[in-house]
Amino acid sequence: RWWLDEELCRRWLSPRPAETHKGRAGHVCLLAGSPGKTGAATLASLGAARVGAGLVTLFVPRSLNPILEVKLTEAMTLPIPETSEHSASIAAETEILDFLHGKQALAVGPGISLHPETQSLLLRLISRVPCPLVLDADALTILAGALDTLGEAPVPVIVTPHPGEMARLMSCRVADVQADRLQVAQEFSRQHGVIVLLKGHRTVIASPEGRVAINGSGTPAMASGGMGDVLTGMIAGFLAQGVEPFQAACLAAYIHGKAAENVCQGKTTRGLLASDLLEHIPLVIGALETA
Amino acid sequence: RWWLDEELCRRWLSPRPAETHKGRAGHVCLLAGSPGKTGAATLASLGAARVGAGLVTLFVPRSLNPILEVKLTEAMTLPIPETSEHSASIAAETEILDFLHGKQALAVGPGISLHPETQSLLLRLISRVPCPLVLDADALTILAGALDTLGEAPVPVIVTPHPGEMARLMSCRVADVQADRLQVAQEFSRQHGVIVLLKGHRTVIASPEGRVAINGSGTPAMASGGMGDVLTGMIAGFLAQGVEPFQAACLAAYIHGKAAENVCQGKTTRGLLASDLLEHIPLVIGALETA
Amino acid sequence: RWWLDEELCRRWLSPRPAETHKGRAGHVCLLAGSPGKTGAATLASLGAARVGAGLVTLFVPRSLNPILEVKLTEAMTLPIPETSEHSASIAAETEILDFLHGKQALAVGPGISLHPETQSLLLRLISRVPCPLVLDADALTILAGALDTLGEAPVPVIVTPHPGEMARLMSCRVADVQADRLQVAQEFSRQHGVIVLLKGHRTVIASPEGRVAINGSGTPAMASGGMGDVLTGMIAGFLAQGVEPFQAACLAAYIHGKAAENVCQGKTTRGLLASDLLEHIPLVIGALETA
Amino acid sequence: RWWLDEELCRRWLSPRPAETHKGRAGHVCLLAGSPGKTGAATLASLGAARVGAGLVTLFVPRSLNPILEVKLTEAMTLPIPETSEHSASIAAETEILDFLHGKQALAVGPGISLHPETQSLLLRLISRVPCPLVLDADALTILAGALDTLGEAPVPVIVTPHPGEMARLMSCRVADVQADRLQVAQEFSRQHGVIVLLKGHRTVIASPEGRVAINGSGTPAMASGGMGDVLTGMIAGFLAQGVEPFQAACLAAYIHGKAAENVCQGKTTRGLLASDLLEHIPLVIGALETA
């Protein structure tokens, strides 16, 4: 059982060699966004870029592509087939799987909607994805009705529920989750063979072989929409750089909370926006690398 | 009769507990924007987010949705049916009311236009809205022709007129409003059972049971378009966090003016943009919390 | 003959009273932009807002409206009829003139294109506009073929040519303009009854009754596209606040150059973007007001 | 053989005279961008502007124009005919060549795609372009199949491959390139009569007459997508100001790496975005000019 603090994260963060190039820093792919929720896709993409992923490509429902081309600059987009409600369609499966060939991480979930065809797409991807996978937000709601799919994943999977999503995944009440957060995260992790990052005050990270960590960073100012999307991208960004999945989740959680602390600097407990964190992420990483 | 200053606001601003999450910090909804006026919707949405609302959803006329998806990132949008002139249509009523279920505050008005169908929508919402309501800008102009509707509101209502809008609501001249601002605000408040926030140099806030406050913050550099939209969002943001309506209006007014003062720092009296205030809002709140 | 420096500008800049509100700070209208040139419209609009105009409305060819709604937030847009090439159409004349009723300044020119129907629109507006008028960029190229129109303007007019545009207006060579900048500006001003702001190193401002000023601020880093658009908006912004036209042109020129100097701080002579100036404008004004 | 450091770059950077105007600072044109890759076009355009180009015009596939009008403000766009996949079409050739008349530099490549018609357009432009030319990214991949075209270019050409692109151009393995970077760059340069800028740790610049330089600036944090696009624009920006092509490539490489160093300030080795560099570029130039 680890307490995630500066010292531990420093040990887990390997230094980047001078000859690194963008090809070696990994290529993160994300499936995120639907009408009204393109911000979630934006924040996740930037989270991945800000922890040092070499390249970032966002799969985006075709008609939303102009919006995300405007919102993102360094991250690239790949317009994909969409449902009648402009969410990602099952028709995108082949295109996505082809593109994933040779990529290093995939994150799915922020703002993808609960459209039935989008649900089908998610479940197909889980069982076929060729690189480590992060599942968050709408993906977890979809998963709650199809938990067996997790067993089909041929790659390491990280799920990042908040207590409400955890309760849905476990078919229990939120109060049950919060009553013993460590126990709940570990149980789900063992049962389904996935890494669980259970959000909330003192985020818990548990792995199927029994590792468990509690995060020591964070501030109540993080209680606002979009914070989780940034975290999802950050985890994928570390995975793409070859960080071991449990450590990727731990590093992302600690740095995410620390970046928020640094923005607030003890000066405020509310009004923080998720995008405020982004430029502080490299500085937190830098402080870990050099301290 | 209160003088709104740092000390008073500090007393009214309850500290945020460490275990707060975005669900507990409240969900603000806004109905704002029409062609040429999407900036008003943007500023109001960000005002709500910057005082600490957990989630923000903007109802937006369908064809304007791509614009607002680009302008907003943390705030979500919900595209709604629109009139032939791309303003919110009465056909959106059910969708809006359904969505409002379980939400904590609604703000209506900035840049919604005066289209007859938009007028009808507003009046229907006033009598059916399930959560505290802020009415501003175009909503006040519409209201001036249908004042009795205010009596039908099943929830606390806050109106935020500038002197010109107040005069229209009272069917008097602007000079009459300015001649006795306290009296005018109190009279309208008592008569219609709503909280009145009368803008201008030394903003006045009056409640139906007779509370009245005068704001001590602000700068002449606030004499520019969009400042009121930010304020509207801020009030809704405090309402969503469970702040009592009169105090929500008072806190928003003080912090709004103080944020503008801080941007200017006594250095300039013109050229401030409304969006300049936004990132200063959490810092003003933080100074109140910690001082 | 004045040398425009801090001292002179301070005398000409009247302090803003505490009770100012956005209605009293003036409403600037602009006609600017066409495909590929929406940046010019953006910069001019923000120039107007940054000197303290209370409200700013940009007339924009209908199909470009979504672009400018995204680029601008505090400034509003008014979509107008457009030509087949998406520039402002003569069909917009009545709508524009109706809207101008009760407004305080109009700026026309940045990026409007040379489309024949746009030319017609400009010439009609010059002879009918009800408020002080600034003409720049494409408007000057159009004007060069129709100089007599200037005599029909019922309001004060300010033209802001760079040496190339001045040469076109005078049917002479650029070298002739530069050989005696003071003389050329004064001659055109007297002949056509307009205020001339001749750009370039040491900008010259001349009025028909014989006033002439030379600007002492500026840096070679201003040699980049878009700088003139900001200046045009600034002049209109001062006009809207009731500043006398010659002084409005002088104040704008000095503050524009000084803002650029402040961005550079003697540290660089190239790579400045026009939008870098914007947030420095209120600070320069503030330094004039308080020093 | 030069070592590119502050001292050498200072000698090569001529001071800008006080009377410079945007016409004299050169007009850069760029052909860049396709669906999903508009960020590359944005970064290259801003790179050109940030080294001091007077004007920047981006040729953009017609349907992507609204996206780039939003993303760029000072840089102008010219919408051009496009392929069925919304990349630049051969049908744009005449329009582009006409526009290039009297311009000072052209950069082609970032994100243009490998569509056959786009390939044809590139090859036609290479043999007809009237001003110095920079080729990067997709343009290099296209070129690898048509190397003889380089011999037809009537103007100085600079190619900017990373090791993978260099290997494709030389039909060898990446390891062969990296084994003797100096030798490889010089060989390709002599053989094809173009300046080669071979990216990577210690970027190499070689000219056909045998000059060769090694860049001393940079940081591993530059291993992320979009960095090369900024560099391409910077080279074109120096060319447009009349800098000799080899020196233009050298100055751009050094300043690009130094700007990245300055953003990181020894504080972080990852998470830098390409756009973070932009505002630091003028400051690096300024430090060279004044030191």
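As written, the chain order gives the labels A, B, C and D, with residue 1 at the start of each chain.
Keep in mind that, in the parts below, a contact is a pair of C-beta atoms (placed from the backbone, for glycine too) under 8 Å apart; a residue touches a chain by one contact, two chains touch by 3 or more.
No experiment lies behind these values; they were computed from the predicted model shown.
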Self-contact between copies subunit A and subunit B, residue sets same or different by half: different
Farthest chain relative to subunit A (centres taken as mean CA coordinates): C
Cα superposition angle of subunit A on its copy subunit D, in degrees to the nearest 5: 90
Centroid distance [mean C-alpha coordinates] between subunit B and subunit A, Å: 34
Subunit B-subunit D separation of Cα centroids, rounded to whole Å: 48
Per-residue overlap in subunit A, given as positions that touch at least 2 other chains: 66, 70
Chain pairs in mutual contact under the definition given at the outset: A-B, A-D, B-C, C-D
Subunit A to subunit D touching residues, read off their complex: 15-25, 49-57, 65-66, 69-70, 72-79, 241, 279, 281-283, 285-287, 289-290
Of all residues in subunit A, those that touch subunit B in their complex: 35-39, 42-43, 64, 66-67, 70-71, 162-164, 200-201, 220-221, 223-227, 264, 266-276
